[in-house]
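Chain lettering (A, B, C and D) follows the sequence in which the chains are written, and residue indices restart at 1 in each chain.
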């Protein structure tokens, strides 16, 4: 049987990788991908906590579903922003987007 | 109507007249003089009713007409104000109402009512006459109407109100109020023709000198109030209060006087001011600048007599503490001042040329008579003389007014440039102005005390008899001399103005004055004679018993203990007859053929003394030196130059200098370096901090994230470690 | 080592390697593909956690929609990057340090947490789970509100995306 | 358990006993048997492709009034094998600048996506890959992976035509997924479960009768999903050479080709199971084998319709295709979902007091649903007609009559 610790460590690692990606990647889309990684690790945590702490209830799952929805919305808006910035600035590099208003 | 209510209403009509004229009918001359005369008539009628009721009530002084109302709340008690009619008040009311009415009527004529308006007559100057063309075209100059006609009537209305309140009031406070109103009116009326500089100076002089007297009087009233807690006569004249006042020494043992003495003296000073006695007499002759009805009313009948009325009213207080007829200090002072003023004024009167100034000085001497009489205790005689003097002095003044008026008429007619008031420009007016002549003659004889027929003789004789009877030899001699001089200057005046032949053309053209002026003269003339007979003492030989000595019984009864009638002695009678006839004949002899432009025979007779008398013993100059110049000096040099400019301004400038220097120091050493410095320091500091912090804001999202995470981890590790510890 | 553990370890290794390559690969498309692989790995994990529905949802939502969106975005903005130069900015070591720091912190917390070593409780009937979840999402007293809010968020996201990215018709 | 009733289980047991004898542990045995099962299913899928290719080419011929392949083997049934061999022998050409990994990965993804759907489809009551309780959504997930394959193919072959083809494919596949899911939800609603097998069990009355509109929407969106027939913009030969497949050759192209055909057959299998009752038929319960026969009959029926449409329908323009989807299919699917849900709820409330016998209940329910569907259809027709009239009226505006310009004065005189 797989103890809870495995899942949590796996999620933590995945989260740290995601964090590294966000902090380090130059490309805005890469940053978004890393954010996706972090969100996935969150969901894994949620489901594992549900499975190990309160399998009879369904609040963990409901929580996960809402996080799914939020992730989807976040990605769509994020990409839309990046594309509009790209259209305006012809660049997707995070460092170029250092002005509040062009 | 109950007498109390009637007495309350006596003073009101003149006051209403005053307000009506001032506020409403100032422009309509006819309307305003009719209101004024109507008011005087009403008051006169009320006074007559009150007088006759007073005569018919027995023991009036025990139950006088009196009622009082609460006026000023003084803690739990009230200061009461009311009316008080006892025999003295009744008699005073009698002569006041008569003289006031007569003067009101006389004023109508005096101010040329009905004459045309003068072309270049100005307000505040005597009317110069108007030129009119009669039916066949040649020009005449006719006396013109007084431009400020209704204003005059308003002021004498106010004056009448003041006199009436003084007479009927039952306490010293309302008496004092009436006293002050009269002072004000005298000021306004003396300066009626305010454009004349002399009138202006006279009105201020009159007001200030009476003011000096009033101050002492007020002190007296205040001291009295503090002493007995009330001012009404009923409280003052209670025997026990008088006894207390007599016993208690004056505050601080002032000259060893008793309280009553000190109060008496202070009140007497009020009278000295008001009735123009010796030290404060200077204002009365100058008051002649006012129109003649004013001089008559204020300076003959009412105002000056008010002063004597006060002293008569307060006689019991003054007499308090005298043991079996011995003179108390205030009475002593009164006799001295009274007698001296009498002889002093009489000497000046003989050297005056102006018809009104002679009468002014004669008033002063007659008042001196009354004060002297009161001083020696002749209460009834003084009261009697007060009444008679009011009548014949008013008569003389109005007579002189009509004489001046007539001569003025002549001056306008002839266009001669001559002073209408100087007796040496007159003469021979007997034929031109018969009524004025006869009434003036009656007044003159009454003044000089022509034996048996004139009222003056009986009242003056009474005083001399009292003086003789009570053994005051010095007073008797002085008063007799004064009577001699009085008779002399009266006859001088009559002969210069009426007898002989006219010394100037304008005197020739003088005309008899209008009936409104001569009627009052006649009425006053009647009184000047008839009044005397009411006061003949019973013990007089021959005609003693015919008429009851009404004055003695009636007026005498006002005193607590009834003064006993003196036994008749022939000496004072002989002296008074001798004195009056001698004076008259001497006056006539000296001035009977006075030529035009000739000098005054007295000048040669008296020489240097004459000039001294002419200049009124130089008292005006003396006061000028003693009081006026120091006052100016005080005002200008001392307070203005020294005190104000040098000291106060100096201090202020000094303070200003200090302030500015301190300000400068603060500015340079505190404000600039420290406050501004701190301000700049803060500004620069913020800028510097801002510059340093700026570099943090790189705009790179990831750098922000890193910083945030570092801080977050710091916090996390901190908490984790702390939680790990325990 | 039971079968499940073996599978867990294999899939974990694969997913982590994919995760690392997502973050470090130079070509953006490759990192997108690695992302898809990680998402698939995560889906397998859900199956291991007896949450089958989530595995499928993961595949449909993430791989089916979001990954494709990423690829689309990459395609649209391909011209700039041209896969030139280093993909990560200059202070990558700081990022790595922070990531390790975070992992250390989380590990620290886990070791102190007593429930860390918990073993999975036995799962009873699985069938009703899905129906229960569905009902809970729509029953007002349970999770209707978050469900509706999520839907509102999605609609808002959609409209926002369209507005922001759409061509402005002048 | 005898062979006739449950052949698959029987064989499985035989195999298990064999392995035990070899000495494998229980776990290993299950793993191996699971693996063999999966392998068999995959092989079966590919073999079907061979047959369907032949069938399709024969049908094309007959429809186009020609015989079709009849040279190789009787009626040309072995025609597919020479094709296969031809493709296998073709040379692998990888374009310069292509993204190698992604280029090779794409065909694998597209084929595997199609094969994965077979894991869920039940051939017979007992013969099914795995009976997932979330089977329907699994189908959706697998569909999206297929789309992924196409995109990667188009992108990695470094060719403008393939890129455009890829974009068109993504636009088409992703947008048609929406109406497909909504249509799928209706049978789930009616069958009260997401497991495909349980849906078949629930189909006492075929769902086509209960929700014909849903069937139509599902069928069209699946057609679009495969990129066949009217919607075959993905590899429109006339416009963009072969779309995303242009740079592929040899076996990789074969993989795509096979993937596409198998996908067509798969969707017809799906339609059959979800709407035509899958293995349901007389005596299917008792004899599972019969179920398989019924299943294949229905599948080939639907497949025939697919091929028919593929040949007869012209290609749609991309905007027409998208408009059709977003402006017609999706709204219709949403409306249908709502209507079915309301009707179902209403029926559940009313049914107890209607006093129906158990056997008649499903039929009455079917009638009610059929009626609601018909109503919706009528309404949509009305809307379309009014819409068309409006459109026409717009078009019908009279065009300004051309007037010859006035000749200049000089000319007239």
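The rule is short, and it goes like this: a residue touches a chain if its C-beta (ideal position, glycine included) is under 8 Å from a C-beta of that chain, and two chains touch if they have at least 3 such contacts.
Source: prediction; values computed, not measured.
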Chain nearest the overall C-alpha centroid of the shown protein atoms: A
Chain centres computed over CA atoms; the one at greatest distance from chain A is chain B
Out of C-D and A-C, which chain pair has the most contact pairs? A-C
Taking each chain's centre as the mean of its CA atoms, how far is chain A from chain D in angstrom? 33
As a quick test, compute the distance in whole Å between the mean CA positions of chain B and chain D. 137
Report, in whole Å, the distance between the mean C-alpha point of chain C and the mean C-alpha point of chain D. 29
Taking each chain's centre as the mean of its CA atoms, how far is chain A from chain C in angstrom? 6
Which residues belonging to chain B are in contact with no fewer than two other chains? 702, 706, 709
Shared-interface residues of chain A (touching two or more other chains) are 19, 23-24, 94-95
Can you identify all of the chain pairs that touch? A-B, A-C, B-C, C-D
Where on chain A does chain C make contact in their complex? 1-10, 12-21, 23-27, 29-30, 32-34, 36-37, 40, 43-44, 47-48, 50-53, 55-56, 58-59, 61-62, 64-66, 68-77, 79-84, 86, 90-95
Which part of chain C faces chain D closely enough to touch in the complex? 3, 27, 29-30, 33, 36, 52-53, 56-57, 59-60, 63-65, 67-68, 71-72, 75, 127, 130
For the complex, which residues does chain B have touching chain C? 702-703, 706, 709-710, 713, 716-717, 720, 724
Chain C contact footprint on chain D (complex, rising order): 27, 31, 99, 101-102, 105, 132-134, 137-138, 140-141, 143-145, 147-148, 151-152, 155-156, 163, 167, 170, 174, 177, 194
Contacts from chain C onto chain A in the complex sit at residues 2, 4-5, 8, 12, 15-16, 19-20, 22-23, 28, 31-32, 35, 38-39, 42, 45-46, 48-51, 53-54, 57-58, 61-62, 65-66, 69-70, 72-74, 76-77, 80-81, 86-89, 91-92, 94-96, 98-100, 102-103, 106-107, 110, 115-121, 123-124, 129, 132-133, 136-137, 142-143, 146-147, 149-151, 153-154, 156-158, 160-162, 164-165
